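A, B, C, D, E and F label the chains in the order they appear, each numbered from 1.
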């Protein structure tokens, strides 16, 4: 067993909390981008992943991803229900083993949540839930095992500090498949589908940025110089992503946008994720800036190619993730992290090729598996709401709720309530009248 | 004196900040649930508790709760104004004593803030303020002393890791009393009183969830395995609370709701609070899930019983708190925490009975004292706003403010301003005109 | 080189993240206060500072502020692009040097962002960007050097724990100059310019409060007793600022306001900033309370004096900063911090005079330099948007965006999209129709 | 056919709608408006600056009815919307040329 | 001159506007309203309490046209707004006394 | 009695209201609308997708006045709302059959 270090543990406790906070942050980021009639259903897609992801991870996911390796492909079920995952540090670690489990759990929650941006505003809630469970078990857990759990990509030596392949490319490919399989929203490519609340999206982006310090710097698993450099390059790349995107906008249309700044920041965050513990500040300037510009150019592709990736998961997380994974193969240096490797710039052709292999394998596996899962669900229970439900909005249709009631009159009446008891004596007589 | 540990101190610094953040989180959680004309008054109820709670705690509360024990019932005033509360760790502690004080202060702030959900949309602001001060001194401080400050419940050996009795049951009972004494909102039980901004409520729930890691895992007072397990079970129970509530909804009405997910999460958080440092992951699945379902069934009771607990403090914090305190007596195990005890499941009948005693005592004391305080305030200064003020909304009536001005025209004119000086020379002449 | 302490490093990692989070917090605080047509442009002013401030700081700012001292006035460019800023702790430090750089970077981001409240709702975006870059290099970096980087004020021995002069007075003076040079908003002093979303402002204030724990307690650069006391007095002063402001309101107009509570909290935060590591709890009660009242009286001055400081940067940060810097000279005591000095109350006339000198120098330098920079920009490229752009709102005029689309119909049509490729084969044919 | 337009206090909408349903009115259209009239507005205060707001939130109802129904609707409306305080609002009656139901193309009173 | 008022389903606004542009209509005014009619409302559920909401979001169009245009506008509107389901809405026609263009002071049909 | 309806630029509301108060108008009703007309809309851009928005925010005023006041109100309105640029808006005048004050039951001009 390892020896617990309180400083490392303190950092990992808060990092885990920070990564948890990212998922509701994503809920707001996505929620602000849809039309107001779908704000809750979109938020729910992320928020309830905190429920779904947790139970799947605790029961089987952690064991599949981090259990004893089988053929380089997957763990086993020996840690089903967290059996044997203890409060003491594992060998070679300085933090409680169960805390490492929790940190990884938060990744398993946000990754599928990212996908939901692709099918916002039209997916059935039950089908969504089934898809998420299946995807976590069949796609996320194996890929996490490959890259971080001792699987073949880890053995190969490709680098992914905090999840460029596992999280972003993986989710974005599933998103692309989902957008294609589920089909376009009614009116896509013709009607304006304005974001209904951009301040909410900005808030979401801010929470993502804030939480991402836990995501990336927490991936050092200790409070040390490596965490510090990961923190710094994360921040710089994010800042440069925002600048890159709005500069590209300024050049193309003359108007930098607030949504562009937020989107560019996320692009920068995504791109630096695989590189965070392997590159220095100057490299992070380049990574963020390039990602910001390329993602800006990429988000328009859906209109050209005709798939409706509603909230640009492919354009931002897919392109950003690939850019980041490739540039990790360019800018990585053992000067920053001895456990890493040198990238192209430092003569490491090897690493560059390994990065391409890791990217390719993730894309291929995620594409095929996501396609099979979605087609199966479509066949069994359908994926989409009815046209009328789509027109009325998913909040009312699926959840019987309204996001906002800002107006001056409500005019509804109480019809019925659910309660533990239906026949209880009323002590209403004892309550005061409406005004004293 | 104890020896300071920087890791423990780092964790407690951030935990304290996290618990502070919960109170504005609660403000948003509650604020989104009321009608838009009362959003600010509702937010204010929580927000200004950061002011009221702080000064009361600094002056007398901390001393009453954690000062030298008198008859197992209360501390004394020897630490009035934090006299003698120093920067060094107390004996047996690894964190600055003043930091422990601050951590506890944040609990003293959020607990009364929880109550405010019961009387939202109709209480006079001055009466609210008086009630909060009195309740903190006369109810919260003694009960905190009983359970954590060396008082009789602590001596008895009942377990409450982070505040199931002190915080949640205590607040919920006061809420029930307040709802009954102040009376129903005009239109309650007939008109629809829709939440006006559910995304705001979700954001509030997310901040609560995030902050609760400080609340529960911070209650370990160190960055160690105990903090880690408290963190993990907190998260799992919350996730399961959300799932439990929406599953119950699905079964009862066919539609899972976003508000249900958020409410269930809070129910899970409440229920795991007393148990957090005493139970393992599997127990936390049960605790959260049961709390989610029972709280869902409990929130409808107010309509049956005829009290208007506007934002369901009783249904969520009362029922959740009792469920948690009881289940702590079932699932607690010394395998997790040697300083704890074994619950029913591990043969600990003892603990179970002690838990019931602690619950009963808290309910009884809080009920009687809250009733006396509220009746006294009602007699002296009244509790409710006038009917017209209630119709126009408390934001305008009590605070001369409007939550939102989203429309295209405002049409008001400046009449008067408050300023330090009323006769200052104008240098307006030097300023540029409206457009260059 | 120093020896790394994981606890200190953990605290500084999270403190740095907390200070980063303050800037989007400020964006929301400010964003809620403007009219809805300007919400995004106002948010952008703060948000994109995360981009601008980062690149300026990484390239030259850090080196100018913390590089080897030249004549007590400024650093040099020897650390251009963070050259030589490493992952190991510097001599005498326990945290990675690059982490210290990052912590300081967050201050360099939020300080200019504070200024933007003065010229909200009318400034050209390009001019804003140029102003920010110039101000960071020519004003912020030197003053930071004077006070913290080994410059003359540091040598003099004036105290500024976390930025009363460097951050708040400095920014507020620039804000005053900007308000005067750019001129009043159309309708200022006559029309009502209601905050459009006060819950957003409250949320912003809450994030600021939360983040400020990193700002002030993080300025201890370690997780120790000093950090703890800085944390505690920060919280107390903030709470008292909120109470002070609403009490003053209650006396003057009869109605305490929610915005008043939030504004008073910020006033308290500002005032305690220079004092945080030098004063005890009782002093912090006084500092916060006095700041809350004085800032309340000060915000009306702009109407009397005729400058349009839209969001009261001068009234809150200027007055609060000066109150704090002066009261540091009154309440500071070596009993709290041996590295500090005794204030007036403890017989330290010296310190009091030094504080006045530091305040005076900051005001004078910031005023003159800001004036020159703004006049130069005005001459070269203008500062204001056109009258029509101002009427239509900056969101549409400058950013082609709308903050909200809450209504039931949108009615716009897609005209054109930007994409990486303009001629890609469509696989739209493969996508499903709008409904299954 | 006549159009009856009523400007009422928002919190009275439920009562009015129910009262009108009670006399057989099957359709109406509602919108949010701001009124300026004898009822005085209110004051808002932000950071010490007091603003006088003249407009009062009101709800507008529009009901098209056959001529024969007019007086009954007016009476019912008046009764249900009245609080007796200034600002209770107005009822306005306008002539109508024709009405068409989009779904069926029906015209005149049949379209209502 | 007549005023044509149409209460339609919100998602039909684009189609209707385009259809009207197509027959030469150059100006109209739109607002958000809530309708009560044969089309039933919906249920909302918050923490187990089910609320019946009778009002349905609708969009109101107002178009002033020369008398000669009325029937063409009505036909075009009817066609573009129709889905064939309950709640498609109504068209109401009112007499108008005069119209003035603020910018120029033009009156009558010229002002439209 | 006539109903005068004006569609104006939102930022002109204050001026118009004050001008009307100046000539003794004691009551009016205001609402937010979206206008489509000669004044062109604007473009919004979200993630590289440019949307053309045809509607322009406008404010609608409704004022019921005695026949004798009509021309004075129209003139005052025109003057106060005019900027001289396209999109200043319109004034429409409609016949009114009757008006009732809910509070008192007063009818006709007395009800205004």
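We take it that a residue touches a chain if its C-beta (ideal position, glycine included) is under 8 Å from a C-beta of that chain, and two chains touch if they have at least 3 such contacts.
From a predicted model like this one, the values you see are computed outputs, not experimental measurements.
Chemist: Between subunit D and subunit E, two touching copies, which fits better, same or different residues at the interface, with half of the numbers shared as the threshold?
Modeler: Different, since under half the interface numbering is common to both chains.
Chemist: Counting C-beta pairs in contact, which chain pair has more, B-D or C-D?
Modeler: More C-beta contacts join the chains of B-D.
Chemist: Distance-wise, how many Å sit between the C-alpha centres of subunit C and subunit E, to the nearest whole number?
Modeler: Chain centroid spacing, subunit C to subunit E, equals 49 Å.
Chemist: Would you mind pulling out the distance in Å between where the CA atoms of subunit A average out and where those of subunit E do?
Modeler: 43
Chemist: If you average the Cα atoms of subunit B and of subunit C to get two centres, how far apart are those centres in Å?
Modeler: Between these chains, centre-to-centre, one finds 30 Å.
Chemist: Provide the list of subunit C residues touching at least two other chains, using ranges where the numbers run on.
Modeler: 5-8, 10-11, 14, 191-192, 194-195, 197, 203, 223, 252-253, 255, 257, 259, 296-297, 299-300, 303, 400-402, 404, 406-407, 410-414, 417-419
Chemist: Mind pulling the subunit D residues that touch 2 or more other chains?
Modeler: Those would be 11, 14, 17, 30-32, 34, 44-46, 48-55, 94-95.
Chemist: Where on subunit A is subunit E touching in the complex?
Modeler: Residues of subunit A touching subunit E: 191, 391-392, 396, 400-402, 410-419.
Chemist: How about subunit E: which of its residues touch subunit B in the complex?
Modeler: That would be residues 44-53 of subunit E.
Chemist: Please name which positions on subunit F make contact with subunit E in the complex.
Modeler: Within the complex, subunit F touches subunit E at residues 2, 6-8, 31-38, 54-55, 58, 60, 74, 77-78, 81-95.
Chemist: Using the touch rule from the top, collect the residues of subunit E that touch subunit F in their complex.
Modeler: Answer in residue numbers: 3, 17, 26-31, 64, 94-103, 105, 111-112.
Chemist: Using the touch definition from the top, list the residues of subunit A that touch subunit F in their complex.
Modeler: Counting only subunit A, the residues touching subunit F are 192, 194-195, 249, 252-253, 255, 257, 259-260, 263, 296-297, 299-300, 303, 312, 315.
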